[in-house]
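Dropping the structures in below, format is structure tokens.
Both complexes shown next keep subunit A, but they swap its partner, so subunit B is in the first and subunit C is in the second.
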Partner chain A sequence: MKSRSVTARTVRRVASTIVKHAFLILMALISVYPVLWVIAIAFSPGESLSSPTLAFGIIPVPSTFTLVHFSSILSLTVGNGSNFPLWVRNSALITVSSVLGSVALTLPAGYAFSRRKFRGQQASMFSFLLPTMFPGVVTIIPQFLLFSTLHLVNTFFAVIIPYMVGSLSLSIFIMKSAFDSIPREIDEAAMIDGAGELRIFTRMLLPLTLPSIATVSLWAFMGSWLDWALAHVMLQDNSLWTLPLALYAFLQSNYSYYGSFSAMALVMAVPVFIVFIVFQKYLVTGLTAGSVKG
Partner chain B sequence: MAKLKLEHVSKTFKGAKSPVVSEVNLDVNEGEFLVLLGPSGCGKTTTLRMVAGLETPTAGDIYIGDTLVNDVEPRDRDIAMVFQSYALYPHMTVHDNLAFPLKMRKHAKDDIEKMVNSAAATLEITDLLKRRPKELSGGQRQRVALGRAIVRNPKVFLMDEPLSNLDAKLRVQTRVELKNLQRRLGTTTVYVTHDQAEAMTLADRVAVMKQGVIQQVGSPTEIYAHPANKFVAGFLGSPTMNFMEGTLKVADSGAYFDCGDFGFQVDPSLSRVVAKGSSKKATYGIRAEDVEVDKTEREGWVQVSVYGSELMGSEQYVHGKRGKMSIVARAPMDFQAAIGESVWMNLYSPNGHFFDSETEAALA
Partner chain C sequence: MSQRGKRRSVFGRIRGSPYLFILPALVGLVFMVLYPFAFNIFITFTNMNIYHVRPCADIFAQATTGNSCYTINTDLFKNFVFVLTDPAFVQIMENSVIWTFSNVIPTVGLGLVLAFVLNSKVRGKTIYRLFMIVPWAMPSFITLLVWKGMYNYQYGIINALLSEIHIPSINWLESSNCFNPFLAIVIANIWLGYPFMMIIFSGALQSIPQELYEAASIDGATGITQMRHVTIPLIRPTIIVALLLGSIWTFNNFNSAYLITGGGPGICTTIFITQAYNQAFSYFSFAIAGTYAVIAFIILFVPGIFWTRYTGLTRSAA
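Now for the complex of A and B:
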């Protein structure tokens, strides 16, 4: 009787594990499958979607391994000398500025919401949340009108400022939560030990919230590095193009250059991939900071 | 070291109806170890935080030495505080935790090393200097927190239940070391605790607080032997003092305490507080060690039914019940009485205390 119930329980546990793993593998395959296509097209000769061959009738693999598309995107020039290195530089400049600006705004704001009590605190928090309740694209038109008035359209400011501000809502919540998770006694001990508020912020709170700072940086990085919609509206001059705009251009010409498109998509994904690998540990810690008092 | 003085200090938090700390007057002498003792929420930690400068008094003045410090920043008060949670800087090594207050005060690098090493040697934590707080045990963290307090030789130590996170055995050991350390350093210390045993063993003087008001200030023996009111009498001592309600009657023949179905003759000096021929509602308190217990009936002793006993090692506490009244008596280890068995207890002792039933203040 006893052994029968143990066996039944073991069978149920094994079956449950198999079902769960099968589901996870299926989900992972669905996520990875388009990426496999991009990789296969990028390393296959030709510009067609049908360049790769299908292993087992379903898995795309390069028909012949080639780096021709990578060399072609390096030598590509549009208009008056607008080229790949320039787009990389533009993307990097905009992204670095947005990330630095976003972090610079997020840290003091998160600190203030966590450590200070002030009139209108709840309303301010809500005002930061409000834009996240609308689709991002809704804000593009008013932003375009605003930057037109300020004569900033077709300048990097027209994307850097919205990227900076756009990531603030979630970032401020993450940082507030991170600062909240640090006991006030740490501030008070430092205060008694002789530190002023700025020093407490820089010497105590910032080192202790590095995982969350990494998270908000990553959030801001993704928001600007991968954005196409806002850049498409604000940056009309091809010398100001970012990588997503250049990528889009491959699909807009009379002939779709899927090989070069895929090669550039891979190049664009490399920094994201590296940043994710490096900050993966921090990302999880940062997102869960404050959820459990340590 | 310096003396510390609180004059009519009160604190009411924003939006609160009643004050957390009310009209506290306290003088702490140079080099004295004063313990603020009271139950949770009595205002003892708020009082300590006002001395530290972490809270601003709503009214009253605080002096450290001869300086009025109401408007002085915490860092400029020359005090050091040990927190209940230790509040060690988790990203710094023990060395850097100890060096931090010295760096903030711009001591020379060589001096910092000497002072850190000296504090570490005093607390026997030299071998821990390179570790981070998370690599330390509770007891070691507590020592580091103490080290950070003593390293810059402040005028006053403020300690907020620093032993409460330690296990019982380590707590007893550490409080002896703490007392010894304070004696050696001679630094004026204000120590907050809710643990009466800690207060009794550590303090030169104890200030007992209840609902923001200081009930009594005195040496541990003074407070234990002569509590100012029923609260102090009940808060100090373990097990808690036995209390019984009754009527104090003074006649020509002497004073008598009537508890209804039993009573006993008491100290005739109580006629000073109750006029002859009159009576007064009163509470009688007697500690377990003053209650005598026997298995045979004696004249004037009260019959109670045993409902439990706690063996404490060389002695035991016998818990008895008579009607709704519970009484604890200390008995020798070999005293044996089964649950439900009748024993007799002598509830009158010259060490007993009478309290006014209305005001709860001690009588005579």
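Now for the complex of A and C:
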């Protein structure tokens, strides 16, 4: 009698484990499937979407393994000697500047919103939320007009400055809630010990908010590394191209170069994926800020 | 002593100026967001487009043809009337609403289910999670082009798989009925969106203290009861935030509809945001694009306010 109920329970547990794994494997497969195509096309000869062969009638694999697309994007030259290393450099330069700039704008603002009370605080906090509710694509036109008045179109400033500000509405609140979560007693204790505010900020608060700084950097990184729409308008000279612009060019001519496109897409995606794996734990820190408190 | 005094003075100076702290961010916001925002509102009252790019010296003058400058419309709300009475407007509005709900509800649902499964005792969580953040971590304009290829009527893998199980090929993207292309972009966008929800909900589930479950089981609560009285109430705030933010983001999400179907065939998959983009960058009717953006803002303001109020984001902790 007893042993039978134990068996029933075991059967149920095994069954539920099998169902769970079947579901998870299915979802994992669906998640990576389109990316398998990118990989297979990138390593197959030919520039067509249908160059890979199908294993088991469904899994795309390279027809013959080749690195030809990678070597061809390395030797590719456009206009007056603009080439792949230059675009990588442009992308890296723009992204690093945007991330640093975004953190530099976010940190002091998040600190002030968390630790201070001042006139106009509610209003200015609310104004930082406005961009969330406004379709971003249309702000490109006024930004373009503004930068062309300042003669900054076709310079990196025309993209770095908007990227720095682009993720602000999320990141300021991520930082604010990070500072909110540090007890004020820490500040007060340090103050009594004679530490100045700057010292408290750099020595005590900053190390505690590192996960949130990582989150803020990640959002800024994604915003600038992957952006095409703004860069397309602001950076017309091909010596200023970023990777997404160069990538786009492969599909623009009469004939689409899907092989080279996929190879370059992989090169572009790898840093993003690495950053995601490294920061997995912090990805959504503070994103639902305040929601836990209700 | 002097060192200490100096420090105090620095301390004092910084202490008195929270405005200095928010100034850099505020300057950025004003020039890159608020000014474009105000400018967009302003141009909805003008005839600005690719042929009329600069403001006229006399901006209130009647628009004359052949001018390369723009003026304020004599009939101030002309552009709003034009957009709102456009026969396509009703369908675009409908599309946007259906688009938003048919994406947000499945992504939140799927994210929740996966978060629960991955939070239970199951082997290989880390690997599964790693695979499942791929859609989020890959640049979306690349994967969306792959989806477009997979939906191809003749060569696409989806129809090839359907024919394996003896289902006739489906014309996904060019079908004259709007259902197929719409379903196509919704499926691709759910694929893009669920990993984010999964990670948010995983975080919420992990933040529930284990003691609560222990206390509940001492009181005799198991499985479903625990779920109803412990888990659900504690993650409800996160679900509400995910629904609100998800709706705003989906409404504003431009890539899926634009890259897979380009809003077509006809206006089958045209939503508010792709319409605004096309008006600006295909037809170069900047004033009309601005009008769409302003109407979108009015619509999004409501969930936006709910979100702000609900999370108390702008409430100061002090």
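Going forward, the second predicted complex is superposed on the first by the 252 of 294 C-alpha atoms of A that agree within 3 Å, B and C clash if a C-alpha of one lies under 4 Å from a C-alpha of the other, contacts with A are read in each partner's own complex, and residues count from 1 in each chain.
Going forward, a contact is a pair of C-beta atoms (placed from the backbone, for glycine too) under 8 Å apart; a residue touches a chain by one contact, two chains touch by 3 or more.
As the structure is a prediction and not an experimental result, all values here were calculated from the model.
With the C-alpha superposition on subunit A as described, subunit C and subunit B fit side by side in the combined arrangement. In the superposition on chain A, no contact is made by A:Pro271 with either subunit B or subunit C. Touch criterion met: A:His21 reaches subunit C, while subunit B stays clear of it. For the superposed model, the angle subtended at the Cα centre of subunit A by subunit B and subunit C works out to 90 degrees in steps of 10.
By the touch criterion defined above, A:Pro62 reaches neither subunit B nor subunit C.
By the touch criterion defined above, A:Gly194 lies against subunit B and subunit C together after alignment on the C-alpha atoms of chain A.
In the superposition on chain A, A:Gly46 makes contact with neither subunit B nor subunit C.
Contact comparison for subunit A: of subunit B and subunit C, C touches the greater number of residues.
After overlaying the two complexes on the shared chain, residue contacts for A:Pro207 are found with subunit B alone; subunit C is out of touch.
Once chain A of one complex is fitted onto chain A of the other, the partner contacts of A:Pro183 are limited to subunit B, with no touch recorded for subunit C. Subunit B and subunit C never share a C-alpha pair closer than 7 Å once the two structures are laid over each other. Looking at subunit A, you'll find residues 194, 196, 199 touch subunit B in one structure and subunit C in the other. Of all the residues in subunit A, the ones that touch subunit C in their complex are 17, 20-21, 23-24, 27-28, 30-32, 34-35, 37-38, 49-50, 54, 57-58, 60, 104-106, 108-109, 111-118, 121-122, 124-143, 145-146, 161-162, 164-166, 168, 172-173, 180, 194, 196-199, 226, 228, 244, 247, 251, 265, 268-269, 272-273, 276-277, 280, 283-284, 287-294.
For subunit C in complex with subunit A, the residues that touch the partner chain are 4, 7-8, 10-11, 14-15, 18-22, 24-26, 28-29, 31-37, 39-40, 114, 117-118, 120, 122-124, 127-143, 145-147, 149-150, 152, 155, 157, 160-161, 164, 191, 195-196, 199-200, 203-204, 207, 237-238, 240-242, 245, 248, 252, 254, 272-273, 276-277, 280, 286, 289-290, 292-293, 296-297, 300-301, 304, 308, 310-318. Every residue of subunit A that touches subunit B in the complex is listed here, in rising order: 183, 185-186, 188-196, 199, 204, 207-208. Only residues 52-54, 73-75, 77, 79-81, 83-85, 87-91, 100-101, 104-105, 148 of subunit B touch subunit A when the two sit together in their complex.
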